[in-house]
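Each of the next two complexes has chain A plus one other chain: chain B in the first, chain C in the second.
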Partner chain A sequence: MSDFLFAVLPYLAALSAIVGSIWRYRASQFSFSSVSSQFLESRQLFWGSVPWHYGIITILIGHLVGVVFPSGVKVFNGEPVRLYILEGTALALGFLLLLGLLVLIVRRSSNARLRAVTSGMDAVLLFLLLLQVGAGLGIAIYYRWGSSWYVHTATPYFWSLFKLQPQTDYVTSLPLLVKVHIVNAFVLLALFPFTRLVHMLSVPLAYLWRSYQVVVWGQRQITSRRGQ
Partner chain B sequence: MKTTYPRAVVWGIALAVSALALTSAVATTAVRAAGPEEAGASAFAQKCASCHTVGYGRKVGPDLQGVTQKRDREWLVRFIVSPDQVIASGDPIAKQLLAEYAIPMPNLGVSPETAREVLAYLDKMSGQASQPTGTGQSTQSSQPRSTTTVAVAGSATAGRDLFTGVTPLKNGGPACLSCHSVRGLGGAGGGAVAKDLTGAYSVFGAQGVTSVLKNMPFPVMREIGADKPLTDEEIANLVAFLEEAGKPGEARPASLFSWYLVASAAGWLIIMVLLGFVWRGRLSGVRRRMVQGGSR
Partner chain C sequence: MDIRAQVSAVFHLDKCIGCHTCSIACKNIWTSRDGAEYMWWNNVETKPGTGYPTMWEDQRKYRGGWELNGKSLTPRLGGRLRLVSSLFHNPNLPTLDDYYEPWTYQYGVLTDAPKGEDQPTARPVSRLTGRYIDIEAGPNWDDDMSGSAVYARNDVNLEGLTLAQRASLFQVEQMAFFYIPRNCNHCLNPACVAVCPSSAPYKRAEDGIVLVNQDKCRGWRFCISGCPYKKVYYNWKTGKSEKCVLCYPRLESRQAPACFHSCVGRIRYVGLLLYDAERIGEVARAPEAVLVEAQRSLILDPRNPAVASAALRNGISQSWVDAACESPIYKWVKEWELALPLHPEFRTLPTLFYVPPLLPVVAASRDSAGGIFDMSGSGRFSDTENARLPLWYLARLFSGGNEKTVERALDKLRAVRLYKHAASFGSGGKDNALAALKMAGSTPSEAEAISRLTALPRFQDRFSLPPYQREASIEATVDPMIHKGRTGFGPNNSPRRGP
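Entry: the complex of A and B
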């Protein structure tokens, strides 16, 4: 069973993500979107979407840094005070994204207009994300200090997957909550092309360096001036 | 997205089959040693020797000399493969052993085949009862017969720095603090993913702790330490630190973990206030402003 979950599932998930995304791009290019509902409701969206995205992006980058620069993380955490600051910051961001996600879930389920535009897959995705965030926060609190042991367990495990020689021993003896976090990450990866998560691939990064566009409101004033 | 799920499913199945073939090909790389006894000897040295001897008396666990005659073979295989399950099942022998040795044997991830090889090795060693210095004994022969405490030459202060990570381990292993805590570390304490080591010295003794640090018999630690062994000096210093840390009585700084949680929650609140302040107008007014503009 753990061979399937940790040595087969990751490859299935990666293939599903890659092939599924290509298939969706060819079949329905303009569906690469998160299908904004801001027009229907924007107050709650701010307190959901903004904390969620700032939290999840920083936390995901943190996970990535641990895989790509494990020795850097090790040196940084060599001084316990730095370790405590890193873990405390990550935990604060974890609380932030949990709050954002809860607001988004409440928003989707309480507003009739939003329920009308919410698909079954949206609900599945919100549930899986809540499971993932809950497990992550549980690990941060009950199985500390993850930022240190991650680079000696998860990092070599991920690299063994990349080298097509999966060494599941690194993760099979970790606590159940950690295994749930890992397996659920693969499930999310597998579902990626079939959910609104695809909007990650269509982030308008070019907005960061394109020239400003000035949006002017108040055509009425212009016409009334002309009328004078 | 809504219409063509079946095609995605077909793709998924095709990919599942190819991925299965790929991984099973990758997985068949295990190489077996020549005879079962030799394979058993190396498995014993790797997984058992930190807690057991053959003919050298009790260590952390019982001396295994003659165990293959004393116990039922299938029971032994079951116990070696999944001691945690056998103990949890309320097995009377396991219960009695636990009462006698106080430390439950951890699940070491031994396969039934390897367990049989280890038993073949124990058969052979038990046959040589009168001459316990036979082949395969190198791992134990250097160690004294009993678990009596040996004077440790290490420095507790140096050990503390190794434990916390202030002094990096020579072969690149993680600082103990990553996973373990110990009383009196100060700050927010050590990790909580593995056992608190405050009582480790009093349970295992210098000999046992040294053996555990040398052989790393426990799951997770075993995988991490396989290619990053501790040096003898590091082990001596860590043993001295654990001895010091296990001594009762002295006043030590308490762990501030609850304060760490409070600080994280405070950090979260600060971020929330900042978000609310910086983007007080964001995502909030397009339609309202249009309505206002239109009704002017």
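Entry: the complex of A and C
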């Protein structure tokens, strides 16, 4: 069972995410976005969407840093004060995004207009995200100094996955809550192309360098021109 | 010189009867879909009034259009960094309640209701939630100044009027209003394009139509706040922005857009303008008081051989240059200087122009007791000082606050009427009329032409449509026989989103 969850599921999830995203982009670029509901309800969205997005982006970057620069994290956490600050910040961000997520869930379920634009997959996604955030916060509270033991367990596990030689030993001995967190992450990854999460792939950074006006000649050839 | 062609329009407001036929024609073709029911790509507003969506002109609320700080012209919504950092919540987005909640009626109840004591009623239900609703707003809620205490009195353009002027404006016997039909202005410096992080809205170079690429749109919603005219709409079902497409499939088969074609008052004119795209930035930065003049200077005379040859060099075909020569828009805007852009101070350089209304036709009472109208001679057409709608109000709408620009247009319109009145009925005296024409900087031959295009235009006089050579642009990219199997309306995939 744990072989399937930690040695097979990750690859299935990655396959689903990559193939699924490419398929969806090619089949229907039109659907490659999140369906914003701000037009139907704006005030509550602010208190949900802003904490959620800024929280989750920072936390995800934190997880990534642990995988990519484990030695840096080890050195950083060598000094207890820095470890406390890191753990405290991460916990605060965790609560921030939990708060955001709860606001979003309450908002979606209590407003008739929003229920009219909520799909079944949206509900599934919200549930999975709540599970993921809840598990993550549980780990942070019950199994402290995660940023330290993460680089000794999850990091080598992820690298073993990347090297196509999965070593499940790193994670099988971890507490249940951690396992739930890991497996649920793979489930979210697998579902990625089939949910509104695809909007993560359309971060419009190119806008920062684009000229203001977009002028299109003919039907295919695209040129931008400064016309501001 | 970088000459481009723009399909452009003029609405003659003195001719608009406020019948909303244009809006219905548009609704039937383009926006009778889920998520778009509340949209009116073309709508008709009563002025004074707060319009649709409510208070759309108030840029303190929506922050649409451009802001000029010294030499730098930036979207009022904010710079690029500010926009990208507010992706998760756009603080200036109008919500559905700023428009209205779309509804229908339970018509089925009228026939299916069980036998009973009472007449069955078709109650209104929301098109969004399906629940019963109390209708509290609609697309023309303040039509003909209904509810003027709430709507007309809150018109942003009344700012700057004294309390006394405002009070006199809303006395029942003094009341005056006019209609203003609005659709997308297909601006030369569109703010909706400038604020989109996904580069979904774009301007077609050949004819200047501004469109939203539905595949590229990611629903960040900035175009909706960024457009100062609130003419980009959010489809709550598909999560995409939509806007007036100037019926480009009709234009490409040389038919006028549906709202133009169906106009009962025949107030709408459409034609080509040639302009110098290189000067857009400079003109958009002109001081507020001369914005109208600056925009006029951008428009070039297609009869000028230098302009025509530069246009040909830029890939505009001879038949389009010819169409530009026939354009009624060129006459109204450039030659006669009668048609003015709506809110030029938004600095988007709109290409839809309005002939300001000369109203009311019968002048305001001159005696203080009221009730006796001066019907004789020149008094028949109110002069500027005695007009019921203050000049300041029209200047706020059509010339960035420059009363002189509006006054010149009104003076000429009035002189043309006096001239034709004298010529047709001999009333008012021909000398008077000629003097008025001279004062307004016009001539009898020009007055005849204006009168003709106002009152007796034929179909082809109002609609001077350029011949689209779609086959040429298709051939450049794909075998026409392959293309033949691909064309048609709508997306290849179902636009359905959500539950």
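Some observations on this one:
The rule is short, and it goes like this: the second predicted complex is superposed on the first by the 206 of 228 C-alpha atoms of A that agree within 3 Å, B and C clash if a C-alpha of one lies under 4 Å from a C-alpha of the other, contacts with A are read in each partner's own complex, and residues count from 1 in each chain.
Throughout what follows, a residue touches a chain if its C-beta (ideal position, glycine included) is under 8 Å from a C-beta of that chain, and two chains touch if they have at least 3 such contacts.
For clarity, every value in this text was computed on a predicted model and none was experimentally measured.
Contacts of A:Ala27 after superposition: both chain B and chain C are touched. In the superposition on chain A, A:Ser202 contacts chain C only, with no contact to chain B.
Put chain B and chain C next to each other and count what each touches on chain A; the higher total goes to B. Look at A:Ala112: by the touch rule set out above, it reaches chain C but stays clear of chain B. After overlaying the two complexes on the shared chain, residue contacts for A:Leu96 are found with chain B alone; chain C is out of touch.
When the two structures are aligned on the shared chain, A:Ile141 is found in touch with chain B, with no touch to chain C.
In the superposition on chain A, contact of A:Phe46 is made with both chain B and chain C. When the shared chain is aligned, chain B comes close enough to touch A:Asp3, but chain C does not.
With both structures placed on the common chain, the touch criterion links A:Leu176 to neither chain B nor chain C. In the superposition on chain A, the residues of chain A contacting both chain B and chain C are 27-28, 31, 38-39, 42, 45-46, 49-50, 54, 119, 217-220. Contact residues of chain B toward chain A in the complex are 1-2, 4-5, 7-8, 11-12, 15-16, 18-20, 22-23, 26-27, 29, 107, 109, 164-166, 168, 173-175, 177-179, 185, 187-188, 190-193, 219-220, 222-224, 260-261, 263-268, 270-272, 275, 279, 282-284, 286-287, 289-290, 293-294, 296.
By the touch criterion given at the top, residues 3, 7-8, 11-12, 15-16, 19-20, 23-24, 27-28, 31, 38-39, 42-43, 45-46, 49-51, 54, 74-75, 77-81, 83-84, 87-89, 91-93, 95-96, 99, 119, 141-146, 148-149, 151-153, 164-167, 169-170, 172-175, 178, 193-194, 217-221 of chain A touch chain B in their complex.
Chain A meets chain C in the complex at residues 27-42, 45-46, 49-50, 52-54, 112-113, 115-120, 199, 202, 204-208, 210, 212-220, 222, 225-228. Residues of chain C that touch chain A in their complex: 66, 73, 75, 80-81, 83-84, 87-91, 93-96, 128-131, 188-190, 193-194, 196-199, 201-206, 214-221, 224, 234, 236-240, 277, 280-281, 284, 473-474, 476-477, 491, 493, 495, 497-499.
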